[in-house]
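Heads up, the next two complexes both have subunit A, just with different partners, subunit B and then subunit C.
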Partner chain A sequence: MLKIIIPTIMLIPLTWLSKSNMMWINSTIYSLMISMVCLPLMNQPCDNSLNLSMLFFSDSLSTPLLMLTTWLLPLMIIASQYHMTKEPLARKKLYITMMILLQIFLIMTFSATELIMFYILFEATLVPTLIIITRWGGQTERLNAGIYFLFYTLAGSLPLLVALTYTQTTLGSLNMLLTQYLTERLTHVWGDSLLWLAFMLAFMVKMPLYGLHLWLPKAHVEAPIAGSMVLAAILLKLGGYGMLRITMMLNPTVNFMAYPFMMLSMWGMVMTSSICLRQTDLKSLIAYSSVSHMALVIMAILIQSPWSFMGATALMIAHGLTSSLLFCLANSNYERTHSRTMILVRGLQMILPLMAAWWLLASLTNLALPPSINLIGELFVTVSMFSWSNFSIILLGINITITALYTLYMLIMTQRGKYTYHIHNIKPSYTRENTLMLLHLTPLLLLMINPKIILGTMY
Partner chain B sequence: MFRGALWLLAGRGCVGRGLSTRSGGSTPDWTEKVSEIKKKIQSALPGGAWDPLYDTSHLPPEHSDVVIVGGGVLGLSVAYWLKRLEKPRGAIRVLVVDRDHTYSRASTGLSVGGIRQQFSLPENIQLSLFSVDFLRNINEYLAVVDDPPLDVQFNPSGYLLLASEKGAAIMENNVKVQRPDMAALPSVITMVSQEQESATDRSPSLTRDIRQEGAKVCLMSPEQLQNKFPWINTDGVALASYGFSTSSSRMQTSGGKEMTLKRIHEVHVKMDHSLEYQPVECALVINAAGAWSGQVAELAGIGKGPPGTLEGTKLPVEPRKRYVYFWHCPEGPGLETPFMADTSGAYFRREGLGHNYLGGCSPTEEEEPDPGNLEVDHDFFQDKVWPHLAHRVPAFQSLKVRSAWAGYYDYNTFDQNGVVGPHPLVVNMYFATGFSGHGLQQAPAVGRAVAEMVLKGQFQTIDLSSLLFSRFYLGEKVEERNII
Partner chain C sequence: MAPGLLGLYARRLLAAATTRGRVAAPVRWESSSARAVIAPSAAVGKRAPEPTVHWQEDPEPEDENLYEKNPDSHGYDKDPVVDVWNMRAVFFFGFSIVLVFGTTFVAYLPDYRMHEWARREAEKLVKYREAHGLPIMESNRFDPSKIQLPDED
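Coming up: the complex of A and B.
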């Protein structure tokens, strides 16, 4: 794992010491190379995990997420080039440094063995993200957004710290490899229920669960493009990953403690999809769609069946790529017209046809068109939810329909129809933007061929 | 940091206020103390350029979808219709900026306030018709829930236009044809006059185009108009100067000729009497600056180019001063007085119920007063206005002028008709200006037309494509023969 972490740390001096005209190129190329280095981790020799050291390990759940993280850094750097052009050089370097720092923490988080180390790095990821949102965001509301983001996540994860330290003192070790073999089972007493809640709350807030999701539309909308990308693609999955790891220790309390969260997720998934139909702000629509997809992941993790775990993992990877791609597309609109309102920018297909192709593909994957990996995730989750409770198929079916509705609404609103007069002289798509979209789409489409690498531990 | 952020957020509502009220309400003292401490520290230390947490709640927002330059009746009308016609509610953020929130020199507040439909241009007639309908049913459009209904002093007393001998008979016949039921108060009265002014060119088209729908109205005061737009962020930002930050791209027309198209990225709004300015990032700019539209257009780079080309075509709107006189005449015409426009160009209307009248006259080209200030020339009344009035209405031979004021026409020197719609080169600037004295009466309809152009890409209810900017370049005058 050090072969990934040390080069990522060394990206920081690379940024600061590069010549100003090579800075973006250097950081992009070297971070792409680091993501190539991550690929061999996919070679899992045994069913269990690839144990690299006392501190770091990677198994078939964390490897796809690690790949996603390292793949995303060059994409974030590519996407930020335009809106940073007017900043002074030192501030540009600082921005890239923040992204790299976030990357380091995320890599270590996904590969951590000890749960306390996971927790520390989980919290540490908040700091660079907060800096990116509040310093480089678009509007004045970003201060509000940053505060919501910070305090929601902190308040949720403080109980997790208490629970982890308590478990460490009682169990003796929080090594994830060992906790799988935990024989002491949690009971149904109040204390254990609260312990369960303490463990799960941090990840629920991060996912986000429907009742605790208020920070997400704010943070996603006000963040600059790199911030939105990393938030949507990775940080939400931190919650999912944490939940997947922790539920192994928490049986059988989860069987009855899960009910309120299942209800909130099912209801929330339909609600947030419906809100998407009424959104006027493009980024806000994509943010709410993230909440809706993550609600599926929460439900899948809480019912704890092999199919649902496979679906959750696949959905996390697929949604990460799709959501990040949609944010990049929305940002390409925003950079040209300085407005995120959908009705003011219409009919782009006539003006930017190649970008319209990317919009189409992104929308198709977002609405889980077969045979994309989004469908695999959603389908597995739906099927396992049906076997958990027959009634849930109604809500899940409604959600899938509404997802298709709002995705097509977004596509038709921005791409089809007569274009508005005042956009007819926008700059044509840069090669950089097309590269960005293609780099998002390539893994998304290629994974259709071999989805078993993202199906996680239960495959 | 938390307190500082709390103080900063106090202007934005939500978190700041909620948290402070929960903690017991001592936050106002805290914020004052914090700002005092900050000031003390700042005065002690040498000044720095970076002050990240200062309060900007008095400045306009950093971002707005549409910025309307000019807060008079046209600007506010465009803002109203944009919010009214947007499909999902709350979609567009509209910012109206005006240089003077007291409206001391705005044409809106200084207008005589007559509305008529006797235009020769069909578009003008349709605009006025809709505007009359708007004002008649103003409570349908502008009423606010739980507020008393609006009273805009709508006085349908008729509009009297005078024509000369030649066209009069035809006009009367046509009026009878178009309006077979003359039971109600006749809305157009034509009188034969003794002057030899040839109105032949105006009468046939007048009678052809006039639809006798409603009566004429005295417009309401602009203060009422601007108070009733609840969804619009009209902060009343006072500013002394504007700037635009544009980007340009060279494109080729289909004929191979190179043109430079521009986009406005930001509007720099400078606060009055201070050095603060706020760049407002926007997608669209609507130029409704009235008499100063020409200057605002020049800021965006319209008209900078070799003359005779599209780049070099300026927006030909300039301020022209017009006087309005207010007099009292005890034997003057009573309640049935229409708004009367004499053939000489002098006009007057009844104001209130105490035999007071408002009126004036448009000076000829040679006598144009200097638009640099708003001083009133009383000799103009004595020499030019009073004789005609006295001739037309004998009772006005003895009258007493109570007061007078001057206002600007946003005079379109090209053809005295409004400019509506986008500019061909500066792609995201729309115009709603240049109405040369009939802007106030057509404001609701023009606002709706511009909102339709922005939201739907074309004019839907009233087709104003003959009033687009491109006519200045192509040289097609859209002339109105009935200019007061």
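Coming up: the complex of A and C.
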């Protein structure tokens, strides 16, 4: 693990000590190499985990998320190169440093063995993200967005700290590898229900669950492109990952405590998908679509069946890549027109046809077209939800339909139709932007061929 | 009526014949009362004057169009040399190294999570059990005699 963490830490001196014209090149190259170094973790020899040290381990659940994290840093750097051109050099370096710091915390979070270390790093990821949103966001609403983001997550995770310290004192160890073998689980006592709630609430806020999701549209919309990418692709998955790890300690209380959250998730996914149909702001649409997809993941984790865990993991990876891609596409629009309103920039297929191809592919994966991995995730979740309760298929079917509807709405609104009369300053697509989209799409499409690596621990 | 019409058409024909032969006037209109002349507008065929009010849809004045100075810009940097090297670096390290080698690595992963081993082992056990007349699988996953239950509380 150190072979990943130490190079990532050393990216910071690399950024600060590079010559000004080599700064972006250096950081991009070395972050790509770090994602290469992360790849050997994929070699999971058995259905247990790779125990790398006392502090770090990697198993089939954390490895795809780690790969996603390390893949995303170079993409964030490439995406930020345009809107940072006017900033002074020190501030550019600070921006890259924030991204690298976030990367370090995320790598350590996904590979932590001890739950308290996981918690500390989980909270630590908030700080660079907050700095990126509030310092480099575009509009004045970014301050409010930062406050919502910070305090929702903090308020949710303080009970988690209490619960973790309590469990540490009673159990003696919070090593994730050991707690799998816990024999005395939680009981049906009132206090244990509150303990369950304390454990889960932090991750529910992070996912986000429908009732606690207000921070997400604000934070995603006001963040600069790198902030949006990392928020949508990775930080939401921290919640899913945490839930997947903690649920193995929490049986059988989860059987009845899960019901309110199941209801909120099922209703929430339909509601947020419907809200997407009425959005005028492009980034807000993508943000609400993230809530909808993550609601599926929450449901899958709460029903705790092997298929649903496979679906949850696949959906997390697939959504990470797709959502980040959609935000990059929305940003390529924003850089040209400085507006996120969808109706202001229409008919782009005529003007930027190659970008329209990427928009099409992104929309197709977002609406879970077979055989993409988004479909694999959604299908596994749908099937396992059906076996849990036959009636859930109604809401799930409605959600899948509405997902297709709003995705096509977004595609048709931005790409098809007659272009608006005032578009005379749309610059042709840069190689940088096409490269960025392809770097998102290629893993997404390649994983179609070999999805077993993203299906997680239950495969 | 006919003579009247004839007169009208005749006058029109006469007027057309007299003006047809005239050279295309450099002026548009000549006043018959004063010596005022309206010359053809110098702006005929040219664009409307630039709007003075700044609209939201107009290009931002501080937006830099990288294509102006460098028509071959790849979008990374103003300096063409740095731009080209950045493009090359991203393509080489991003696609040629990470994506290609990464895909190859994942494609040739040895027996991911021991699935192939599990299949071979299962076939071997089934063959053994069928040969010896044993049931293919017992309904008890663990040996019941080894489970120690706590006392009834």
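Following the convention adopted for this analysis, the second predicted complex is superposed on the first by the 459 of 459 C-alpha atoms of A that agree within 3 Å, B and C clash if a C-alpha of one lies under 4 Å from a C-alpha of the other, contacts with A are read in each partner's own complex, and residues count from 1 in each chain.
The criterion applied here is as follows: a contact is a pair of C-beta atoms (placed from the backbone, for glycine too) under 8 Å apart; a residue touches a chain by one contact, two chains touch by 3 or more.
The structure presented is a predicted model; accordingly, all values stated were derived computationally and were not measured.
*Asks:* Figure out whether A:344 sits in contact with subunit B (first) or subunit C (second), or with both, or with neither.
*Replies:* A:344 contacts both subunit B and subunit C.
*Asks:* Based on the superposed arrangement, let me know which partner A:387 touches: subunit B (first), subunit C (second), both, or neither?
*Replies:* Once the two structures are laid over each other on A, A:387 reaches no partner at all.
*Asks:* Touch check for A:422: first (subunit B), second (subunit C), both, or neither?
*Replies:* Once the two structures are laid over each other on A, A:422 reaches both partners.
*Asks:* On the A-aligned overlay, A:179 touches which partner chain: subunit B = first, subunit C = second, or both, or neither?
*Replies:* The answer is neither, since A:179 touches no partner chain.
*Asks:* Check whether subunit B or subunit C contacts more residues of subunit A in the superposed model.
*Replies:* More residues of subunit A are touched by C.
*Asks:* Mind working out whether A:431 is in touch with subunit B, subunit C, both or neither, as first, second, both or neither?
*Replies:* A:431: touches subunit C, not subunit B.
*Asks:* Could you say whether A:81 touches subunit B, subunit C, both of them, or neither, answering first, second, both or neither?
*Replies:* A:81 sits against subunit C, while subunit B stays out of touch.
*Asks:* Scan A:305 for contacts with subunit B and subunit C and give back first, second, both or neither.
*Replies:* Neither partner.
*Asks:* Between subunit B (first) and subunit C (second), which does A:168 come into contact with in this model arrangement: first, second, both, or neither?
*Replies:* A:168 sits against neither subunit B nor subunit C.
*Asks:* Pick one for A:25: touches subunit B only (first), subunit C only (second), both, or neither.
*Replies:* Second partner only, subunit C.
*Asks:* Please identify the positions on subunit A that touch both subunit B and subunit C, taking each partner from its own complex.
*Replies:* Common to the two interfaces on subunit A: residues 337-339, 344, 420, 422-423, 425, 427.
*Asks:* Considering the complex alone, what residue numbers of subunit B touch subunit A?
*Replies:* 5, 8-9, 12, 14-15, 56, 61-63, 65-66, 86-88, 90-93, 249, 251, 261-263, 265-266, 281-284, 422, 427-428, 430, 453-455, 457-458
*Asks:* Would you tell me which residues of subunit A are touching subunit C in their complex?
*Replies:* Answer in residue numbers: 21-22, 24-25, 28-29, 32-33, 35-36, 39-40, 42-47, 60, 71, 74, 78, 81-82, 85-86, 337-339, 344, 420, 422-423, 425, 427-428, 430-433, 435, 438-439, 442-443, 446, 450, 452-453, 459.
*Asks:* Could you please specify the touching residues of subunit C with respect to subunit A in the complex?
*Replies:* For subunit C paired with subunit A, touching residues are 55-60, 62-67, 73-79, 82, 85-87, 89-91, 93-95, 97-99, 101-103, 105-107, 109-115.
*Asks:* Once bound in the complex, which stretches of subunit A touch subunit B?
*Replies:* 138-141, 143-144, 147-148, 278-280, 337-339, 341-345, 418-427
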